[in-house]
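As structure tokens, here come the structures.
Next come two complexes built around subunit A: one with subunit B, the other with subunit C.
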Partner chain A sequence: MNTVKKFLLKREDVFSTLIALLIAFGIIAILLMSTGRPAGEAFYYFIKGAFGNVENTSNTISRVIPLTIAGVAFLIGAKCAVFNVGVEGQLILGAMASAIVGYIVHLPAIIHLPLMLLAGMAAGGLYAFIPAWLKTKRGVNEILSTIMLNYPATFFTHFLVLKVLPMEGVVPATPKIDATARFATLIEGTRLHAGFVVAILVVVFAYFLLNKTSIGYEMRAVGANKEAARFHGIPVEKRMITAFMLSGALAGLAGAVEVAGVHYRFLDQFSPGYGYDSITVAMVGLMNPIGVVLSATLFGALKTGILDMSIYTEIPRQLTTLINGIVVLLIASKEMIRSSFSKLVRGKEEFKQEKE
Partner chain B sequence: MSYILEMRGIYKHFGEVLANDHVDLKVEAGTVHSIVGENGAGKTTLMCILYGLYKADSGQIFIDGKEVDINSPSDAIANGIGMIHQHFKLIPAMTVAENVMLGLEPRKGKIFLDLKQINQQTKELSDRYGLAVDPKALVGNISVGIKQRVEILKVLYHKANIMILDEPTALLTPQESEDLFRVINHLREDGKTILFISHKLKEIMQISDRITVMRDGKIVDTVEKRDTNEVKLARMMVGRDVFLKPAPAPKKVDGAVLKVEDVSAVNEFHRPVLTDVSFDVRSGEILGIAGIDGNGQTELVRALIGLQPITKGKITLKGKQMDHKPVKLIRDEGIGVVPEDRLMEGLVVDFNVQENLFLGLQRNKPFSDGKLISWKAVRKNADDLVKFFDIRTPNNEQKVNLLSGGNQQKIIVARELSHNPEMIIAAQPTRGLDIAATDFVHEQLIKQRDEGKAILLLSLSLDEILLLSTRIAVIYKGSIVAIVNKDETTAEDLGLMMLGGTYEHIPA
Partner chain C sequence: MKTMRKLSIIASIVLVFAFVLASCAPKAEAAAPAEEAAPAEEAAPAEEAAPAFKAAMITDLGGLSTSEETKGFSDLGWDAFKKAKEDLGIETTLIESKELADLEPNLRKMADEGYNIIVGVGYLFTDAIAAVAPDYPDTKFAIVDSVVDSPNVMSLTFAEEQGSFLVGALAAGMSKSGTIGFVGGMESALIEKFEAGYIAGARAINPDIKVVSGYTGSFSDVAAGKELTLTQYGQGADVVYAAAGACGLGTIEAAKEKGFWAIGVDTNQDAVAPGSVLTSMLKHVEVAVYDAIKEAYDGTFAGGVKVYDLKVDGVGYSDMKYSVDKVPAELIEKVNTFADEIKSGKIVVPTTRDEANAFVLPE
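Let's look at the complex of A and B:
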């Protein structure tokens, strides 16, 4: 009994997250049933749509790739007290930069592909320098500045696509990138591409950086307690700028990978909100690189599974937005769930005792 | 002799921890009865059982000889028991009077609050016990000491005869504590019974009639105040002899390790916080800095380690210039710091024990080659330090926010001494610690001194300064007003200098 208790408490955060997700899906089920829709059937088509066959699974994974990279981007900032809500804008600029490098220069694949990915990272990273500088030198709250900076990024790319860059076909988009700048498609007829190797590398990189290096330790110390970090000789502002730009660079990389693996060009309205989703992904993933992979899988599945569900059960696709909202709400109230969970496992009085 | 309160055979355990082991307590009416013990001795648990916050596993409670059943605070209040918690439970947006009456307000026609009555009754109660509280003041605007009086008023309004005060002086300044003791004496004269929970021996000896000592969930003894003294109480609390006596004279005092010459600094509003501060700390001595809170102690420590820019002057360590250098460089030159704010400056509370034990050394050998961390070295360091300094933790991957204050401080002391600095700055090193932990810190400082380290001790407690220092510097309004040898001064002289050399009336 006691080992079970200890295990449950040690992984308290994981279990309370799982409970939060269960409650969220419970609420969705109740909503569906109360409007006379079959919840069980909906769930069946949802799973089938996300993982039912090779094609669906591949498409789900292709969604997981940008969510994972963007989720890690947000996480790297958050670990160092930088709340980068600008992942969306950095991702869009990264995609645009990489798309331009992809079609303007002509190089062998071994140079072209890495170069276009680097261009994406550079664009995202440099764009993140603006809020980083504002925050560390001028004390501007980064949540506000990054939200605001998402707009110039969106409209600047919009302007480039419509007015500056040549257009091919009817959709507003840049010309297609060279074959040398593309990721190989792994399964023919699906969107699964070699970019998932990049996602894995990003996760490994983040884990290694945060846990195995001195600078990563310093970043985490800044994130957990700036005052103590300063007191112990850690250059707080420098680390925050590093984290901010790294976060932006990874966001840009997410955009570049999306260009090189899925669209092969920059489309106007490029991102279906990957940047905003990255925050939810990182939080549900408990600010842990491995956790981000799992939660990106959940949110990726949500995007693909909902399609089949809406086709077969006549449940509108807009349900995704609702689900997202409810999940965020419950994750945000996780502390409440955590404390009831603790109480339940520990017994009421022991809990009180520990709180004091 | 009849007792107003008797607790018999109280037994309570939390999981594997036995918090109260068959505790018997008898309290006479109209006395101040102190319950003392180290943190975790079970005194707060016992009081929570009396007040109905916890239910005892077994045991009986008698009030005026009659057995009572207390299952909730409202049962306790009905039986004339009131509790003043360490952390106040008041509503800042309401007035003093409204807080006092909350839940039992006089009404007009059952619906409307009778504000006049509320204010008047509060004023009467306040005047009767000499509390001097303005009923119409907003609770959000009053000081901690006054808030505590509002809590006392609340308990009085509930017609409590037995009042429990749980570590009431923990958040108070010395002056506020004195005022509280006046109030307590007033209450005792009026026939109230006070249960006073504390681990500060000095105030216990000042205020109590009888004293019950608890240790490890058991009662060690109950004694009359006149039959005991601080040393005896400390021995009972800790279970062995403790320091509490002045440090022996230093063995050998050598040349200056740290030299501070004419250092001045201003705060962010360009007000001077340090003015022409000069002193040196020599190898093998403890230089104590005495002063009332807020006279520049915080800024001095920050200036010494490079966090507070200085506008003038020189700081040298072993002849090397230290002013205008980055923090990391100064620390690496050989300064260990026990900061005044344990949780904000000393530790990263979300980090675990082993991570905290090399904070600040994350780029130094053997923990790192400058880039990569060697977790093997980190673990070994933690194992060694936890063992050597007897840090009580379930394991080295325990987050430090779940450890006791004493063990948190041990982590800081262990880390700061582990890289063998020649200069140690200890700011309020024993604030909030119980006797055993205080004793540990004092012992370590004296040991370091005798190994030839230079130690700068900043403390708000004059007793601590007098106990440990070789020389004493007095800081007042950002200036060092005097530096004296410990043997050539008295607490009275120092106290006078701490106040700027003139007697000043300190208003209540």
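Let's look at the complex of A and C:
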């Protein structure tokens, strides 16, 4: 009994997240049933839509790829006390830079594709340098500066697409990138592309950086307590700039991977807010690279699963937005669940004692 | 410690899946015998009995509007589906895409499901339909506002510049200040057609007219539409035409507040603020989409480009139910003459801003 208790308490953040998910699905089920809609059928089509066959699973994974990379991008910053809300802007600029390299330069695939991804990372990383500099040298709150910097990125690319770069037809987009700059499609007729390898590498990289290197250790130390870190001789500002630019570079990479794997060009408005989603993904993933993969899978599945649900059942489309919202809300309020969880596991008396 | 951590992560994955599976299995059984049969369950056996003609509509990011007042471009497409369902007794499905990466999978999904015709509403479908259509030669596709060259794709395009020409003429005729405004949404070649037609039409009535143009950068930001319109009003514009989706509601709101004329777009928006909307430039997406469904149903579907212009009543302007008594009869007559001259080819309406600014009415 005691070992079970210990295990539950040690990972209480994981369990409280799962409980939050359960409650969210419970609420949705009640909501559906109370309006006379078959909840079982809805969940069935939801799962089927997300993982039911090869096509659906592939499409889900293709949504998980940008969410994972962007989620890790946010996480790396957050681990070092840098709240990079500018992932969206960095991602968009990264996508644009990579698309330009993809169609202007002509090289063999073995150089072209990496070069294009590097261009995306460089664009995102350099763009993140602006708020990084502002924060460390001028003390500007990075949440505000990064939010504001998302707008110039969006409109600058919009301007490039419409006024500067050549446009084919009526679609506001850059010309298509060369075949040498594209990720191979792994299953014909689906969107599953080789870019998922990049996502895996990013997760592994983040895990090793944060847990196995001294820079990663110092970054986490800054995140845990800035003053203590400074006291111990860690170059706090330097680490924060590194984390910020790394975060931006990964955000740019997420955009580049979307261009190389899905759209084959920069499309105005291509991002449905992956940058903003990245924050939720990282939070739900408990600020852990592997957790990010799981939570990205959840949100990717929500995107693809809800579609089938709305096609095959008579669930009104407004409700599908609501479902997404309930899941996020419940997971965001998991602190509340955590304390009740911990109360429940420990027993009331023990909990009281600990509080005192 | 480390293994513990790994274990718990694995455990959590297993738990998630276990829960998810558990949650659907028993509930599915529980839901089935429930007396109040859901519409979806009723539809299922009918589907098996006879393979009905199935039509699917997919929207781009715009989606459908939630109220009658804010009806826009995609809603007109869905109106056609509703009509087709009633008239032809076909099965219809709607998908609202949430992001651009979804367009192609959504098209494939409906094609795999055996839908007979799939309509992509919006030019953003260009790439997706071009990629999907060759893989499904037996499925018919239609795209609104763009051209895809494939034998099983019908490209439905509109001569927005012609309709805009007529409302531009009306605007110039009704303006007392000699300045009129144009509010665009996201800047694109498509919206430029609206602007060009509007400017040319205004110049046809009054060669010295001043047209102030601006773009909101959005098709949904009502506040931005209002703000831009008020700026143009400040510059002296007393008639403002909005080709900006829901942003146009902001234009109408501004017109109502300050007491000048707004011009609606796509659908008949005259009733949104009776007396403040001069007229609406109509784009009969519902006609074009219905034609496509009907032809696919009748078996007369042919790929290629179909242009919906004034000649076939594909575009036009509203009947001005609430404003017609304030518009001089000579002006309406003149506008109708322009319409005839456009139909006969005497007037060729420009489609770019530069051409429009140089437009001179042919003698």
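As a convention for this text, the second predicted complex is superposed on the first by the 349 of 356 C-alpha atoms of A that agree within 3 Å, B and C clash if a C-alpha of one lies under 4 Å from a C-alpha of the other, contacts with A are read in each partner's own complex, and residues count from 1 in each chain.
Throughout what follows, contacts are C-beta pairs under 8 Å (C-beta built on N, C-alpha and C of every residue); 3 or more make two chains touch, one makes a residue touch a chain.
Small disclaimer: the values here were computed from a predicted structure and weren't measured.
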Check: Will subunit C clash with subunit B on subunit A after the two structures are superposed, or do they fit?
Finding: fit
Next item on the list: Answer with first, second, both or neither: which of subunit B and subunit C does A:I331 touch in the superposed model?
Entry: neither
Check: So, A:E227: does it touch subunit B (first), subunit C (second), both, or neither?
Finding: first
Next item on the list: Could you tell me if A:R63 is touching subunit B, subunit C, both of them or neither one (first, second, both, neither)?
Entry: second
Note to self: Per the contact definition in the header, classify A:V292: touching subunit B only (first), subunit C only (second), both, or neither.
What the structure shows: neither
Margin query: Let me test your reading of the model: by the given contact rule, A:V87 touches which partner, first (subunit B), second (subunit C), both or neither?
Written below: neither
Next item on the list: Going by the touch definition up top, name the partner, subunit B or subunit C, that contacts more of subunit A.
Entry: C
Note to self: After the superposition on A, what does A:A249 contact: first (subunit B), second (subunit C), both or neither?
What the structure shows: neither
Margin query: Contact-wise, after the overlay, does A:V284 reach subunit B, subunit C, both or neither (first, second, both, neither)?
Written below: neither
Check: Which of the two partners, first being subunit B and second being subunit C, lies in contact with A:T213: first, second, both, or neither?
Finding: first
Notebook entry, point to check: Minimum Cα separation, subunit B versus subunit C, post-superposition (Å)?
Noted result: 7
Check: Inside the complex, what are the residues of subunit A that reach subunit C?
Finding: 7, 10-11, 14-15, 17-18, 21-22, 25, 29, 33, 36-41, 43-44, 46-47, 55, 59, 62-63, 155, 158, 162, 167, 169-173, 189-191, 258, 262-263, 267-272, 290-291, 294, 298, 303-304, 307, 310-314, 317-318
Checklist line | Footprint of subunit B on subunit A - complex, ascending | finding: 212-215, 217-218, 220-221, 224-225, 227-235, 346-347, 349-350, 352-354, 356
Notebook entry, point to check: Considering the complex alone, what residue numbers of subunit B touch subunit A?
Noted result: 14-15, 19, 44-45, 53-55, 305, 307, 326-332, 337, 339, 341, 344-351, 355, 359-360, 362-363, 368, 370-373, 375, 402
Checklist line | Of subunit C, residues touching subunit A in the complex | finding: 4-5, 8-9, 12-13, 15-16, 19-21, 23-32, 34, 36, 38-41, 61, 63-64, 66, 93-96, 98-102, 104-106, 108-109, 112, 123-124, 126-127, 135, 145-147, 186-190, 217
